[in-house]
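Across the two complexes that follow, chain A remains constant while its partner is chain B and subsequently chain C.
Right, the complex of A and B next:
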C-alpha cells in the first residue's frame, strides 16, 4: 500500500515536471545545439549555412582586433554597470532593511515602478536630455556657457548610465532580500564582542549578504551583456556591443558568424559568472568554507 | 578606573525604560556584587530582557543610571562596554569556524595573534570542545553550539557575563546537563553573571540570588531558599511554585511572632511591620507543608477531597476547604500505604509549624 502510494506520488511528480522539461528541451536545448552546429559551418550565399565543417568563424572572431575590441567594450560595460549598481545600491538596500516593513514595501513598489516604462521610451527620454538639442545642451547654450553643443550621446558612458538606471532596481531588490535574512542578533553579538558599527559591517553584515551581492552582480552583468535597445539608441553606431554584432550579422544573413558570436557571448557569461562566484563565495553563509 | 561610583560590578540606579507609552522597566534599582550569579526571573513582558539589554547598552535608559565596575555607562555604546553576552539563539557567526567565532572578541580587542590562539584553545578546552576548531556552527549540535557561544563570551574575560535564556532552545536532558556545566564554569572563573529566564526551576538551580520581576519592577530579590520559603507577595508565592493562600486575623503578638487565626485553627508567623492585633492578614503555605490527617484529628482545617493526581514519588490532592476555598496538598509517598484517601473523603489539613508566611499586598 505504502509502496503504491509512493509510486503514485513519484509518478505525479514526474507528470508535473515533464511538460516544462519537454518544452525546455524542445525550444531551448535543441535550438542551442542546432545553433552550435550552425556556428561550425562556413557561410553560404543561398543557404543558412554552407556544407563545409569549420572552426573558421571562431578563429576569425578571436583573431580580429575589431571583434576583440567589441568584446572588451562589452565586458567593460558589463563590469561597470554591475559594479556601479552594487556601489550605489548597497547603501540604499542597507537603509531599506532598517525601515519598518510598511515603508520598505512602499519603497520597493517605487523601485519597481520605472520597470513599467518601456526601455525604448526611457532611452528616448535620455536622448531628450542628453542629445545635441537636448535639455542640457539647450539650457547651457541659452545661458551662453557653450559655443558648440557637448557630445553627450553615443558613448560607452552614456550606455552605462542608461543601463544603470534600468538595472539598479534589480540589484537593490537582490541586496534587500539578502540583507533581510541576516539575523540582527548577529550584529548585536558582534557589538557585544567589541566590534563598532564599521567592523560589525565589515566582518558580519557584508560577508553574510554575499548571496545577494553575487545574485545582484550576475543578474545585472548578464542583463547588460544581453541589452540591445538601450545600447543601440544611446550608443549609436560608435558604441556597438556584442549583441549589436549578432544582430548585424543576422540582418546581413551571415548566420554561422551570428551563431559563433552568440557562443562567444555565452562563453564570456559563463566565465565571468564562474569567476564572480569564486571571488564572492556566497556559499560561505551556509558555513561551508 | 573607579570614578567614585558604586562598588558592585553592575549597578542600576532608579532606571526607567519606556518604549513610547509602554514602560518596560519601571524605577528599578539593582546591585550585583562581583562574582554573583543573579537570575532575572519573570513571565514574558516583565522587563527582564529589557533590563539585560540596558546593562548591555543595546537600549539606553529613559531615566536613571547604569554603572559597570563603578563607571557610569549611560549612552556608552554596547561595543565600548565591558561585558559579553550569550543570546537565546546563540547568534554564532555562520560564516566563521568555531575557532574564528571564539577569536572574534579577541580580534576586536586587538589581542596579538599568539595570545589569541592560546586563549581560544583554553576557552574551547573549558567547554570541552577541543578538536572542533575548524568546524562550522551548522555542523554542530545544539549543545555544542551553546558551548561555542559560551566560550566566545568568556574568552574576552568581561566584567559581566549576560545570558539571555541561553538554555531555552535545548531539550530537557541537555538543558539540565548544561545547567550544571554553566554553573561550574561560572564558579571556576568567578565571573559576575546576569541570567535571564522564565524557567523558575532553572533560576533556583543556578543562582546565588534571584530577582523576581513583574511589571518592570523587582517584586522580590533573595536567595532561592528565601524566595521559596518566604515569598513576600502573592505574585512571588504563585510564580515560584504553588501556594495556598488564606485570609486570617491577627490575634496577638509574642516573641517576634504573630498568632494568626485561620478559621478554626491558629498558626504562628514571623512578625511583619504593618501587622496589627485584630487586623486582617493574608498568609500562605506551600502544598508540601500541609499534612493530611483523619477528619476527627484536632488542630486541622476540615476539607473534602475533590481530585487526586498520583505522580509516583508524590501525590497531589486537590481539596475543598472551609467556605468553598480550594486547597492543594502534595504528599511524599514514603511508603506504599501513604495517603490512601480517595475522592469524597473528609480529611483535616495540618499546617507544619513555621511554614506559614505573610503576604504583602502585591
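Right, the complex of A and C next:
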C-alpha cells in the first residue's frame, strides 16, 4: 500500500500526460504511419490500395519529368517567398526594435491580426486587387489607360506576391524576437571603437540575429509548401505545386499516389528543416567577426 | 543615419500596406451596392450581408465553423494544459521527445495531416463532424501548450508545495492555486486554438463533406466554382468581425501583451 502511494506520488505527473499523449498517438502518429503504409502499396480500383507491397509510387514520382518540374517549381516558389520576406522583413524588424515599447506592441498587434484572418480571405483580397474586375484594372480603366483588362492573375509571380504578404508577419515576428535579445551595448561598443553604422550592422547586429533569420526562413518556407488554397486561387491551373498534386490525387481517389506525394513533400520539409537547424547552431552565430 | 532610419520607416509602412491592404479591400467591397466590384465604390449598402444570411449554405457554414471552433478549442485547452503541466515539471530525454511531438503540428505541413487523417478516418469509419473537430484539436493543442507553458514559467512551484504540505490534495491545490495563476495563459491559448480552427483550411479541405462545411471552405468553393460574387466579401467581413470581437474581448480579459508574448 505504501509503495503504491509512493508510486502515485512520484509518477502522478505521467498520468497528466497520458490523455494528450494517447490523443497524439491515435490522431497524429498513427495516421501518419498508416499514410506511409498506404504509400507502399499499388493502386487499386476497388479498394483504397492494392495488396502488392511496392515502392513503385516513389520511383514513378522521382522518374517522371512532370513531377520533377513541379517539385522544382515548388522549391523555387519556397525560396523566392522566404528570401523576399527576409529582405523586406529585416528592415521592418530593425525599425520595430528601435521604437518605443508601446508603439512596438501596437505594430505587433497589426501584424498578428492578419494571421488570425483565414488565408482564403487574404487570397480573396488579392483577387479583388489584381483580378479582371479588380482595383488595378478598375482604376486604370477609369483613367482610360487600358483597352482590355490586364491579366495580372494566374501566374507564379501572383502566387509569390500573395504568399509573401500572407507569410511576411511570421518572418517579421521571428526577426523582432531575435533582434530584441541582441545587446544594444555591443552595437554601441562597435561604434565607439570606430565602426560605421554599416559595419556595425554587418559584423554585430546581423550575425547575432542569425537564429531569428533561420527560424523565420524555415517557418515561411514550410508554410509555403502546404499553402494549397492560395496557390490554387492565385495561380490557377498553370501554377500547380506539389500540394496541388497531392490534392488532385486525393480528389481522384488515387490514394497510394497521394500518400507517396505527401511523403515527398514531408521529405523536402525535413531536409530544409535540418539544413536550417544547422544554421541556427551557436558556433555559426559567433562567426569570425 | 537619419536617411537610413527614414528608409526603414518607409519599408515598414509599405509592408503594412501590402499585409493589411488586401483585408481592408475585402471589407470595403462587402459594403458595395453594385452587382460587381467597382473601385472606388459608388455608395454603401448592406445588400450582400442580407444575401449572405439568405443563402442557407453560407449561414450553415458560419454556424458550423463556430461550433467546430468552440468544441475543438475547449478540448485543445484541456489537453494542452495537461501536457504543459507535465512538461513544466519534468526534465529528461523522454520529456524532450514528448515536447517535440506535442509542438510538431505547429511546423508540420498541415496538408499532410489532412490527407493522413482522411485515410485513417475512412479506414475506421469516422463520421465527418467529430473527425473534423478532432483534427482541429490536434492543430490547436500546440498553441495552448505554448501559452500555458509561458504562464507556468512565471509560476512559483513552492506555492503548490505549500498548499500540499498544508494538507490539500493535488487536485485541490491545482484548482485553488495553480489554475488561477495560469489563467491568462489558458485563456490566450484557448483564443488561439479557437481562431486557428475558425480560419483553418488545409485539414478542413479534406475532412469536410456534403452538408458539413466550414466557412473558409465554403468561401473557397464559391471562389472556385461561382466566380467572385460579392457575397463572399460579406462572408469574409463577418469572419474578420468575429476575430476582432474575440481579440478585443480577450484584451479586456487578460491584456493582449500576454497573447503577443505567448507567440
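By definition in this document, the second predicted complex is superposed on the first by the 257 of 289 C-alpha atoms of A that agree within 3 Å, B and C clash if a C-alpha of one lies under 4 Å from a C-alpha of the other, contacts with A are read in each partner's own complex, and residues count from 1 in each chain.
Going forward, a residue touches a chain if its C-beta (ideal position, glycine included) is under 8 Å from a C-beta of that chain, and two chains touch if they have at least 3 such contacts.
Computed from a predicted structure; not experimentally measured.
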Discussion item. Taking the superposition on A as described, I'd like to know which of chain B and chain C A:188 touches: first, second, both or neither.
Written reply: first
Worksheet item: Thinking of the overlay built on chain A, is A:254 touched by chain B (first), by chain C (second), by both, or by neither?
Response: neither
Discussion item. Looking at A:79, would you say it contacts chain B, chain C, both, or neither? Reply first, second, both or neither.
Written reply: neither
Item to complete: Report for A:17: first if it touches chain B alone, second if chain C alone, otherwise both or neither.
Response: second
Worksheet entry | Comparison of chain B and chain C by chain A residues contacted | C
Practice prompt. May I ask you to decide whether A:229 touches chain B, chain C, both, or neither, giving the answer as first, second, both or neither?
Written response: second
Worksheet item: Touching A:199 in the superposition: chain B (first), chain C (second), both, neither?
Response: first
Worksheet item: So, does A:156 touch the first partner chain B, the second partner chain C, both, or neither?
Response: neither
Worksheet item: When the two structures are overlaid on chain A, which partner does A:208 contact: first (chain B), second (chain C), both, or neither?
Response: first
Discussion item. With both complexes superposed on chain A, which partner does A:180 reach: first (chain B), second (chain C), both or neither?
Written reply: neither
Discussion item. Taking the touch rule as given, give the residues of chain C at its contact with chain A in the complex, in rising order.
Written reply: 1, 4-5, 7-9, 11-12, 15-16, 18-26, 29, 36-39, 78-80, 82-83, 85-87, 89-90, 98, 101-102, 104-105, 107-113, 115-120, 122-123, 134-135, 137-138, 141, 170, 195, 198-202, 205-206, 215-216, 219-220, 223-224, 228, 232-233, 236, 239-240, 243-244, 247, 256-257, 259-260, 263
Discussion item. Touching residues of chain A toward chain B in the complex: what are they?
Written reply: 183, 185-186, 188-196, 199-200, 203-204, 207-208, 284-289
Worksheet entry | chain C partner contacts - residues on chain A that touch it in the complex | 12-14, 16-17, 19-21, 23-24, 27-32, 34-35, 38, 48, 88-89, 91-92, 94-96, 98, 105, 107-114, 116-122, 124-129, 131, 133-135, 138-139, 164-165, 168-169, 172-173, 197, 218-219, 222, 225-226, 228-229, 232-233, 243, 246-247, 250, 255, 258-259, 262-263, 265-266, 269, 273
Worksheet entry | Contacting residues of chain B [partner chain A, same complex] | 56, 58, 77-80, 83-85, 87, 89, 91-95, 104-105, 108-109, 136-139, 152-153, 156, 162
